[in-house]
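The same chain A turns up in both complexes below, where it pairs with chain B and then with chain C.
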Partner chain A sequence: MKAAENISKKLKDRFGASVVKTESPYDSRLFVEIKKEAVKEISNELIALGARYLVGVGYDSIKRDGNLGMVHTFSFDRDDLFVCIKMAAPADSPVFDSITPDIPNAGWSEREYMDLLGMKFTGHPKPKRLILADDWPEGIYPLRKEVPHNLMPPAAEDVAYQLDEAPEGTTTVPIGPFHTCLHEPAHFAVYVDGETIKGCDYRGFMTHRGIEKLCTTEVSYNEVPFIAERICGICGSVHATSYSQAVELAAGLKISRRAEFIRTIMLEIERLHSHLLWLGVAGHLIGFDTVFMQAWRIRERIMWLAERITGNRKTYGMIVIGGVRRDLTPENIQELLDVLKKVEEEMLVVQKAIIGDTAIHKRTRGVGCITKEEAVKWSLVGPVARARGVDIDTRRDHPYAAYDEMKFDVPVFDSCDVWATVLVRIVETFEAIKIIRQAVDKMPAGPVMTEFDEAVKPLVHSISAVEAPRGEVVHYVITGEDNRADRWRVRAPTYPNLQGVPMMLLNDQFADFPIILGSIDPCFSCTDRVEVVDVRSGRVSVVGRNELEELSRKKNTGVN
Partner chain B sequence: MVLKPGVVTLKYPFEPHPAPETFRGAPHWDHHKCVGCGACSNHCSSRCILVRDMCQELRVMLYDGSRCTYCGRCADVCPEKAITISTGFEYATGDKNDITERVELFMLTCQRCGRCYDMEHTNAIDRLDLRGYRYDNLEARALIRKTSDQFDQKLFDETDKFARPTKIGE
Partner chain C sequence: MKTAYIFVNIALFLLLAPLFEGIIRKLTARVQSRQGPPVYQPYLDILKLLGKETINSADNWGFKIAPVMAFASIISVIAFLPLGSRANALSGYADVITVIYLLTLGGVSILLGALSSRNTFAMIGASREMVTMIMVEPVLAMTFILGAVKVKSLGIDATVFSVGNSGYNWSVFLMLAVYLLALQAFVGRQPFDIAEAEIEILEGPLVEYSGPGYGLFKYTKMLKQMFYAALFVAVFLPGFNTGFYAADLAIQVGFIALVFVFIALIGATNPRLRIDQAIRYYSVMILLALCAVGLSAYGI
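Then we have the complex of A and B:
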């Protein structure tokens, strides 16, 4: 029996009337419509069956049936299956049961829709503001369809985010919104006892750009890949591919095999450059700048290669719905192979230097430890999870593009610390080189574009995941009328991983904060992509300063 | 690891460092070839190609380079190959007009009806309008969803004073 049928039968047998409808447009996708009262039991049952929580997707369908909808998505990694449970509540009392007490990773997803859609989740352990700026007025929910994408309401006054209460006997050290160890704005309040970290609160989402809202109100299907690419500066192709795949699945469009191979090559080129970039940054964070310089020197070759293949160093602009825009010429391929050879040689030297360096061992071994069980519980993804012995990789578990034909190893280490993350990343660079060589060998001839006629049936749900260098990216698309999506949800890998950071920090030394945070390769811009209507970062940073002032005042009174 | 590669820093900007042939730089319009179909404007994801009919016969296409992401999509979709992508990349400037390109096209009128697309609401040009592709105020470059066939002073004033909504439904 197919996995989808199996799961849907199990749910129907167990919950009977609570399961309203099941639908499986593809073998690897299962959409289950449920009554909202049963969400807790059903999601717990799915986790018990071995699922991993991905993300929650809230959407507004007030105009159609007066409801707000919520979808929780799960992945069965061993069976290549995504399960999405859909439920709805009337817009005048959008109350759902919170699944966060059992599935901690759902915490942010639920908080997101408290902010953006005005939903309520009973039993949520931390129902605080997550996404909207502190001075966003109450009662305006930007993701609702009645709110225009360029709304700029007057700011609420006298509001500030209340940090979690510091544990007894600890001092609060504010890190951010701007800090040398953060590459993007985010605020961490770290509670320390002496040098030991005892807890941490996070206030981020300071780089909202309203991308999701914009793409569901203004632009059309085939323009979104270019905007999706700009969600993240490092893994642009990943977002464009994931979005394009989701729309292609919804439209039932089958792209040419050659296009799939070129997508695979682009994704792996991106992985190569991203791993080298991270290696450099990690070296820099622990004060080993030679690694930083050398890793980035090697990376430069890949950037130039990408420039010649696609026309740009980053934001390749290659991937659109229906295929890719440029074909690989024989000269490109020859150059690609030459660069790979060179990079491989030089990577071996760097690898040797890193593995033999005692300073790196001392700074990364036993740092940022969490157990495999915790990593599974918090559904961490990517190298962070693989360094904790969790054997997941979307390329292998849910093959997309041309990965079904590729042979590669998924490096998994079980020392559960930052060192293992470094190893995963290094090994994956060599795997990426392996994959590109296979793809070049096996690439069939053919067209690179398939006509996308933009006549997509409205209200089709579709989900697609792609393994970004730093973890798994999930895109959820609900197709709409007017040639654009009704709802588009992006979940970047930092979204789940950042939620696990407070746990990684626990009982570590404060000086290790930069490398622990750096080890997840945080990308706040991807995480913050959401639908807020204006860039209000300037405003937020002011609040941050007030917070700092308040904190310092508190500290002073403490001393006096 | 360090000694073998030696110094790799380029002397740029003191020595020129040209971009490869395939580089995607700023687009340029060939006004001899352009037929004013608006396909580039239709596909521009950053909405930086503006189309405005100044009057029945005159169509202005304005390329606003300050918002361009150099994706090169406009050149892909141009049916007349009127758009070429240059390899230039040194576009930093203090004056916006340095990177703005303006094409004024003399449009023919339909001999039968004067303005064909005025009569129906299903053709591509009208759909452009519905999706907010046109700009009515080239100076303010604010995104407005309305347009007129003839130059309309009232609409122009309206768009001239365009401000972002601060209340829902405004």
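Then we have the complex of A and C:
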């Protein structure tokens, strides 16, 4: 029996009438419509069956049926299956049970929709504002369809986020909104006793750019990949790929095999550059700038290579719905192989140097420790999870693009600290090189674009995950009318991992704060994507449609 | 003539300290495959900072006086140093205890500045600075005491020239090794730039300083760095007396440059330690230094 049928049968048997409808458009996707009263039991049952919580997706369906919808998504990593449980509540009393007490990682997802859609979650342990600015007026829920994307409520004075109460006997050290160890704005209040961290509160979401709202009101399907790529300045392709895959799945579009291979190659090139970037930053964070400079020197070759292949050092603009925009020429491939050879040689030297350096061991071993059980409970992803002995990798567990044909190892270490994260990242660079070489070898000939002329059916739910260098990216798309999505939800890897940071910090030394936070490779811009709110003035500002078109056209010109 | 030595000392330090800092920066850059700033960059930095407006972010006298006090104390220390293997006019008026006091005064000035700036990061920096001072000072003191035990005198020239006058033995070699191992901590460079750790506590004690005050602190740090290098050369590498003052000075400056190469290379190849790890390291240094003094008491 297929995993999807199996799960759906188990849920039906156990919960009977609470399960309204199940639907499995693909073997690897299961959508379950449930009554909202049963959400706690059903999600707990899924976790008990071995699922991992991904993200919550709230959406506005008021015009259609007067309801606000909420979807909790789960992944069964061993069975290549995503399970999404859908529920709805009337817009005049959008109250759901909170699943956060049992699944802590749902905490932010639920808080997000308290802010953006005005939902209520009974039993939520920390129902504080997460996304909206502190002076955003009560009662305006920006993700509801009736709120225009460019609404600008007046700024208010004298409002501030109330930090959690500091534990007794501690001093509060403010890290942020601007601090040298944060490369983007975010605020951590770290409660320290002497040099020991006793707790921490986080207030982020200071750089919302309204990307999700914008893309569901202003632009069409085909333009979104370019915007999606700009969600993150470091791992943009993963967002474009994940979004494109979600739309392709919803539309039932199968892209050419060559395009899938090129996507794989681009994703791995991105992983190489991102891992080297992180290695450098990690070196800098423990005050070892030589590692920083050398890692970035090696990385520079990859940046040049990317520019030769795509025209850009970063933000490749390669991936679109239906395939990729450029083919790889034989010269590109030769250059690619040459660069890989050099990078591999140099990385071997770096690997040897880092593993043999006792001073680095001193700063990273036993730092940021959490157990495997905690990592699983908090649904951590990517190298952070793999460094805690959690054997997950979306490339292997939910193969996409051409990963089903690739042979590679997923490095998993169980020392549960920052040192293990360093090892995972270093080993993965070699695995990435291996994957690119295989992909080049096996790449079939063929077109790189598959045209798709039919209109996409509205209200189809679709989910897609991609393994970004930092962990798993999840995109959830609900198709809509007017050639654009009705709802698009982006979950970057930092979203779950950042929620686990306070736990990693607990009882560590304050001097280790930068490297512990750095070890998850936080990307606040990915995490903050939802609304465009300038926190300082409380103003909402959005890139206008014209500007946006101009920007994407600029990138388009100069391309054959 | 002996009075002139004092001014030569001070002029030489003021002139050369930024150059040595520049050498460190350049070498570090080369190790990191970077071009690096020109070696004269620190001069420009100091000039620029001194020419800027003073911003008193903490409006109290402690904050204002701290940089001047730090600068004055390091200049006084330098005045006592018998450079070029010659005692100067001041050497007879003080002993090594005075030198240690004055060096500590420099550290205390940094604490004063940090505590009066009332900044959280400065406070953390101050507590780290204090711990470092308490743990590193004994090593310096032992270096002097080793000399003092050898020649049975606390006089500055007597202790500093002790190795030159009575030769090397095992205890001197041990002390030399300990001094080199503690050098990065003396000069506050990696792996012991813990009090200023810019990534965590944003240069700690200096976080509120800008303009001339910051410039003076920076200058003080460069002078201090050169002092520790010069002290090493004066105590442990004597015996290159040509009889000409200028030649002796030139030889010592050459050695000081070598010490700076050492500082730069160690700094570029180590991450910053945590304060708890550093304390453990310092304790070992103190123990070894005590051993050296003990050995020298038996004339080993």
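Keep this in mind: the second predicted complex is superposed on the first by the 527 of 560 C-alpha atoms of A that agree within 3 Å, B and C clash if a C-alpha of one lies under 4 Å from a C-alpha of the other, contacts with A are read in each partner's own complex, and residues count from 1 in each chain.
Rule of thumb we're sticking to: contacts are C-beta pairs under 8 Å (C-beta built on N, C-alpha and C of every residue); 3 or more make two chains touch, one makes a residue touch a chain.
Everything numeric in this text was worked out from a predicted model, so none of it was measured.
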| item | value |
| --- | --- |
| First (chain B), second (chain C), both or neither touched by A:Thr450 | neither |
| Chain B versus chain C as contact partner of A:Leu285, first or second or both or neither | second |
| Touched partner set for A:Arg308, first chain B, second chain C, both or neither | first |
| Chain B versus chain C as contact partner of A:Gln351, first or second or both or neither | neither |
| Partner chain(s) touched by A:Val173 [first = chain B, second = chain C, both, neither] | second |
| Chain B versus chain C as contact partner of A:Glu195, first or second or both or neither | second |
| Contacts of A:Asn67 with chain B and chain C, given as first, second, both or neither | neither |
| Partner chain(s) touched by A:Arg297 [first = chain B, second = chain C, both, neither] | both |
| Residues of chain A that lie at the interface with chain B and also at the interface with chain C | 290, 293-294, 297 |
| Chain A residues touching chain B - in the complex, by the definition given at the top | 140, 146-148, 150-154, 218-220, 222-224, 226-227, 230, 290, 293-294, 297, 300, 307-312, 315, 317, 325-326, 349-350, 353, 482-483 |
| Complex contacts: residues of chain A adjacent to chain C | 171-174, 179-181, 195, 283-294, 297, 359-360, 362-363, 509-514 |
| Chain C - residues contacting chain A, complex | 28, 31-34, 120-121, 124, 190-191, 193-194, 197-200, 202, 268-277 |
| Contact footprint of chain A on chain B as seen in their complex | 1-2, 5, 8, 19-20, 22-24, 43-47, 69-73, 76, 85, 131-132, 143, 164-169 |
